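Before I ask anything, let me first share the structure, which is written out below as structure tokens.
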Amino acid sequence: KEVQLFNDKGFWSAPLQTVANAARAEGISLKISPYANAEQYKTFIQASVASGRTPELFTWWTGASLNTLTATGQLAPLGALWKEMEADGRFQPGVKDLFSVGGQPYAIPLQLSRWVVLYDKRVFARLGLKPPANWAELQTVATRIKAAGQTPFLATTQDGWRGFIWFQELLLRTDPKAYVGLNNGSVAYDSPAVRNVFKIWSDMYAKGWFSDPRSNEEINDFVRGKGVMYLFGEWAVGLLGKAGFPLQELGVFILPNAPGVQQPAIIVEGAPIVVSRKGLANPDVMKTLRFWVSNQGAQTWGKASGNYIGNNKIAAPNAIVSQVNTQLAQTRHTMFLRWWENVPSALQGEMVAEFNRFMLKPDMNTAQNVMQRMQSLNTAYWSSRKKS
Amino acid sequence: MNPLMQHDQQLLARIGLAQIKARERARQGRQFRLALRFMAPALLLVTALLLLPVLYNIWLSFTQWQLFEGRDDFAGWQNYRQLWSSPYFDEALGNTALWVLASVLFPLTAGLGLALLFRQMPGQEWFKSIIFLPRILAPTAVGVMWYYVYAPQGMLNQVLGQFSSMPVETGWLFEEQLVTPAIILTFVWQSCGLVMVLLLLGLAALPRDPLEAARMDGARPWQVFRHITLPLLAPTLLMVVILSVLAGFTVFDLLWVMGANYPQQRTLSLAVFMYFEAFQKNNWAFAAATAVVIGGVVLAVTWLQTLLQARVDRMVR
Amino acid sequence: MAEVCLRDLVKVYEQQVVVRGIHLEIPDGALVVLVGPSGCGKSTTLRMIAGLESISHGQLLIDGKLANELPPQERGVAMVFQSYALYPHMTVQENLAFSLKLAGISAAERQKRIDVAVKTLELAPYLNRRPAELSGGQRQRVAMGRAIVREPRVFLFDEPLSNLDAKLRNQMRVEIKRLQHRLKVTTVYVTHDQVEAMTLADIMVVMKDGAIVQQGSPLEVFQNPANHFVASFIGTPQMNFFHGTLQQEGEHFYFASPALRIPLDRTRFGPALTHGQHVCAGLRPEDILPHWPDEAPPAAETFAATITLSEMLGNETLLFAESASGPLIARQLPPRPVADGQTLRFAIRSANLHLFDADSGISLRADRPQSQETIAP
Amino acid sequence: MAEVCLRDLVKVYEQQVVVRGIHLEIPDGALVVLVGPSGCGKSTTLRMIAGLESISHGQLLIDGKLANELPPQERGVAMVFQSYALYPHMTVQENLAFSLKLAGISAAERQKRIDVAVKTLELAPYLNRRPAELSGGQRQRVAMGRAIVREPRVFLFDEPLSNLDAKLRNQMRVEIKRLQHRLKVTTVYVTHDQVEAMTLADIMVVMKDGAIVQQGSPLEVFQNPANHFVASFIGTPQMNFFHGTLQQEGEHFYFASPALRIPLDRTRFGPALTHGQHVCAGLRPEDILPHWPDEAPPAAETFAATITLSEMLGNETLLFAESASGPLIARQLPPRPVADGQTLRFAIRSANLHLFDADSGISLRADRPQSQETIAP
Amino acid sequence: MQNLSSQQAKWLALPPPASPPRWGKALCGLALALLWLLPFSYVLLAIFKSTAEYAATAPLSLPEGVSPLLENIRMAWQQGDMAQAMLNSSLYAAVGASLAVLLAAMGAYPLARMQFRHRNLWFLLLFAGTVFPFQMYLIPLFFGFQWAELLDTHLGMCLLYTAICIPFPLLVLRNYMQNLSLEIDQAARLDGASEFILFWRIILPNLRGPMSAVFLLQFTWIWNDMLFSSVLGNSPETRSIMNALLVFQGSYAQSGPNIMLTAAVLASLPTLLLFVLLRRQFMQGLRV
């Protein structure tokens, strides 16, 4: 019987198809059904769920979105499967938590990206720079690059969702507690911790460390050298390769903590594949899932797309991932979900628009205004939650 | 006419007006059943696939429906009250009003200008086709294309850069004052072809004699245009205005694509506001209330058009 | 009031010659009617005078001044269109005032002129109506009013009555004639209705294929048509034509055809007649006289014809009959009922006989008028 | 061919009575013309016969059978519309064939009937053209052809000639008359042109305000109009009317007005005349005879009138004059040129005098026809 | 005759009358047309660039050659699964637009030419279907389609497009029908035509111009739609060309705008071609 994997990842259609081809040898007939854009995909899933005809197998988002979806009771818990996955050491224990709600795993990873800084080794070599190991070195690197006439950091508002990237990173690096508190409503968006982040951020802008936020070709801009360091998820590596960046010249480091923050941390983005209750009862679906997390499946997927799903028994899909893996193996980092997944979905769009607004006019006046508006949205949301 | 009316009354008394009326009604009934037979397929499809969704949405706008959570408690006018108090709605409403105004004013004047320019011009058919061309393209494709015209390193800035010593890097789609005018310009580029064609057809159908009479009466070309051509064109103009108003009210794709990076995108128009509430925030009931407001206005405009058209037609018949 | 002079006027539309060199002198105050079949270039000529069409060749002189290149509004002409061309969105009052406003005439003067026109044309009850709310005749009057208020030097009319019904047409025709008599403005009037042309014209100009075939007073043209075409075009019912040959017997010439044999008056037809020449004899319906059995026989010779149809017109009867020389129409006054199929005898008034050469169509009369026409008919 | 009978036909449009109880018997094969001013309900009556309008009251019998509720196509009637109503997207051939195809008539029979119509109406050259490519007269003929091929029992014509120009109208009128004579199909013909009515009708029906005012043969109606309205409506130029009073002198009655005093023939006007009664005398233009100074004085009394305008019609001259009793039109045959402003004396043919009551307008003639009309004129 | 033709020849050889400067107008038109086409230049440049070339150069720089175009087309065509999508869209647009125009004409016929009460209200009822922003129809339609098993079927898409394309042609055709002479109807009735024959053989043939114009407009509308197709008919078997383009765009917008644009050009080509071939029908049938 054919199993359909619904998703909104049109850009991975080809690699997903490669996996499906590989699965055919195992007697699995997997069909990839991509949707054009996230909004319409969400509508499709939500409407299906609302009418009680949840698809058996589909991709989703972690964090708040997953919480809401599990609350409908139509998702199948995958505890048994995870037990298998962890039993032979393929997956590290921390991974499961990213896909769990209330301690119960409801999904397996479609991909697992760590948010790191990619950089152009050639520029670093030319200027005699090393990847920064602490906050001060980061400043030095940026200053030197700027002095050499290039822009240190690539950051844009492309597609309207990227605004939070530097915000979440700076907050995590300066005040991890506030990062957690922000997303459950206990820390305000106009609290001192947030204000501090905006201060640092706007200083960096003032020094000319960021590229033009209005570009709509971020990936290509990196190839064109519009920014030397690129803070992004690991999944960008595949795209950079396709756009013609020589991957052997690509370096990676994890953004260092600010002074006074001890615990090494890293931001992780997990894209989940979820299963409906009906899907759980369908052996074909479960067979597909097992294949996905198997070594063969993960390897095929990794090779085809450059994506990592957390399976450590196989070779990393590319040099960057393996470098990050090595670093993480050396020092234990705490994993944090992205701001995007953590924030209630009703707030995502409007909040990120505020970040974007700041990026386009990065001074403290704007910041003040942005913080106020975000906080009022925040209060409105949480107070309406409490009422009902 | 008094004797005639008297006579009529006697006549009607003799033959029985009620009976005549009853027969007339029966005839109308037959006509109506016949009419219904012709309208049935269209009615069936439209009802099933368009009117039912409309009704469903109207009902939704009075609930607290949230797609996922299945909460459909009746909420009365709460969504509408919330609409009025939402600052974004105000902004979106204001922007939509601006859009409507602009989409009537600019395509109409540009279309009229083009129509007058191309009237009786050698090779006009090709020029007309080129002006009409954008209308054939998908609005999203148009949006993407123009995105690159307006990009900081885009075509527009490059052209402007020719006239200035410094490189121009205006972010047309990123500045509050520029984004709406910029998109409106694209809208005009896209829609004035149709307006032009409609006006050309209207112009071609004008009677030639009054125009010549005005020339004989001593009117200069501009005066002929102002006093004769324009008033005679009124029925066509009215129709074009109404179509433009409706287009202005429901414009979405262009705004969505071109405004994607503009932080305040949701306030660009009511339609965008509605989309934002529904698809990004899952506020379906609230979005439905917005849609009902838009639909109400559109319907009112259509109704107004039916009323006005008859009047204007009568004026220039 | 002005004199208008057309000198060798030509109009060429992309490769098609439509007006072929017209010469015409219009004296001050005269009413000239251009008449001719549809498409003969009447309107085009008129529109060249108005300035609505460019002049391809030749000269247009108004009061002796060359007007070829003057824009319409500077020629001092006013025009009444066949469709009336009223401004549909203006009231009658506004229609009348429009040209005066454009000319910057003061409100008082404007009102005065409009008042005169309104009184002349009895338009007072309709001043606030729009053209759509007027009947055909009323619209026609407004169109005339619009021309009058301008106090032009020349009036141009392009078939102004052809959209009216018969009764109204007769009535308006008389009014136009009266008006022109009163105002004494030089007028060029175009029509394809020869009755209108006959009744209105001081000078009647018959056109064909873009050229003038004959011009003169209506009576002249009616009584002495220059050729077959004019003879057939003017007069209703149409002139009867009989084909035949000329026969010479000594000094005398006869027109000979199966049914008729008519002696010809050499003084009327000149010396150019030849024996055996193919000719066409023309007789107007009123010159063919039915001979009723109950009446005294007419002096002249008679011939037989069978009635195919009779039209009772109240004050006269038209008899359609078939003779050995072909079909004919005769006019009977006072009217008499006639049964179809009856055979009657007819006499002719040979004093009113017309003769045309069968090939060229040119009148054989000695005093035939000269035609401007350079084209074979 | 059929007999058509209208019994008390009434048409009411929302509260507005448009046809007011019409009685009319149309014998088989007759040509009946409904004539009357615009808006008098002619078309409405015709359309009720056709089945295009519902009948509010009364009965329509075709060949004795009640047809009130029959759908149009089952009445066996064919109609020619004023606008011709040809199908613009079909060729002439297709226009002609359409009804036959719908009736399921075999191709052979169809072709036969079309051939007959095409021959009768000389349509052969146009068969493959569309209506837009035809002239007005040609269109008119196609419309007739479309009616003929159906071989209907009744022909209905609604002002079929009013879109044609004068010349063509005369010509088509004759053709219609000939055709009807040949086919002998019962025909109802609507027009507001009284010349058309006079020439075509077997029975002429004059309507006004939705009712029949007079019916009879054209000559009857012309010579003996039932009232002032008919007298003024029929005949062109219109009858002259003079207001005056009746004067009795012993046995004799006179019509007296400022200019005219006319002795009345008691046998014609019956016994109902009273002294002092206000009346209106009617005289047709041909019954007012100008007395030329160069001719012998007429036997009768004469009166003076000043010529205001003369219209030369080629074969006659119309004289417009102003007398002490008001304006008048006289007809002069043969034509003579007359100068405006000249004062002439006129005689009248008192044998043709009409008299109408000044208030009711009803003819005072002893043998005046009865009117159906129950309404004051 | 000889004399005459030489005279005519002389007249025909007359210099044309001095007409107002048409050249200025033509030049003006040319400039405008070029201005109108200017925004396309970016697209035209992009489709001639290879992916690497595109990434490395400025968007408005000239391409190095034309050869990458073929590769771009090949990539777009294969990876975008465009063959199937084109077929689907052709089906939707042809069936949807023609059915819609036909049904709209049927609906407009009584609204324009019959007498019955509340005609305007019936018209408004038929027209009211499209007053909402289209996004609002998605959820109810989704539920309905799911219930009726029409999701992801060709039938469902055809039905939907037909319905949504009815109101506009209805408006236009009603206007046209009102202007046709009523006497034609009466003539046809007398000729024995039933209402249906009257409509089918007399009214419809006279509306060819406006019908082909609204057909073409609705055809392009359906062809260009991606909203409904992307939610109600998203499987590869039923996906419309614009939806396929959007899905494809997801995969290449990040790295290969050149290929994405090539795909967009390919997707627009059929309607563009239709427009170039039938521009008269597009532009002349639409008097309002």
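Letters are used for the chains, namely A, B, C, D and E, taken in the order the chains are written, and counting of residues starts over at 1 for each.
Just so it is clear, a residue touches a chain if its C-beta (ideal position, glycine included) is under 8 Å from a C-beta of that chain, and two chains touch if they have at least 3 such contacts.
All values derive from a computational prediction rather than experimental measurement.
Taking each chain's centre as the mean of its C-alpha atoms, the one that lies farthest from the centre of chain D is A. As a whole-number value, the distance joining the C-alpha centres of chain B and chain D reads 54 Å. Chain E has its Cα centroid 41 Å from the Cα centroid of chain A.
Note: centroid distance chain A to chain C, computed from Cα atoms, is 94 Å. Of all residues in chain C, none touches two or more other chains. In chain B, the residues touching two or more other chains are 67, 151, 153, 275, 279. Residue positions of chain E with contacts to 2 or more other chains are 59, 139, 226, 246. Contact between chains, as defined at the top, is found for A-B, A-E, B-C, B-D, B-E, C-D, C-E, D-E. Residue ranges of chain E in contact with chain A, taken from their complex: 51-52, 54-56, 59, 79, 138-139, 142-143, 146-147, 226-227, 230-231, 234-236, 243, 246-257.
The touching residues of chain E, when paired with chain B in their complex, are 22, 25-26, 28-30, 32-33, 36-43, 58-60, 103-104, 106-107, 109-111, 114-117, 120, 122-137, 139-141, 144, 159-160, 162-164, 166-167, 170, 195, 199, 220, 223-224, 226, 242, 246, 264, 267-268, 271-272, 275-276, 279-280, 282-284, 286-288. The residues of chain C lying in touch with chain D in their complex are 38, 162, 165-167, 170, 173-174, 177-178, 181, 192-195, 198-199, 218-219, 222, 234-237, 284-286, 308-309, 311-315, 318, 320, 331, 333-335, 337, 340. The touching residues of chain D, when paired with chain E in their complex, are 47, 50-52, 71-73, 77-79, 81-83, 85-90, 98-99, 102-103, 146, 150.
Across the complex, chain E meets chain C through its residues 1, 3-4, 7-8, 11-12, 14, 17, 19.
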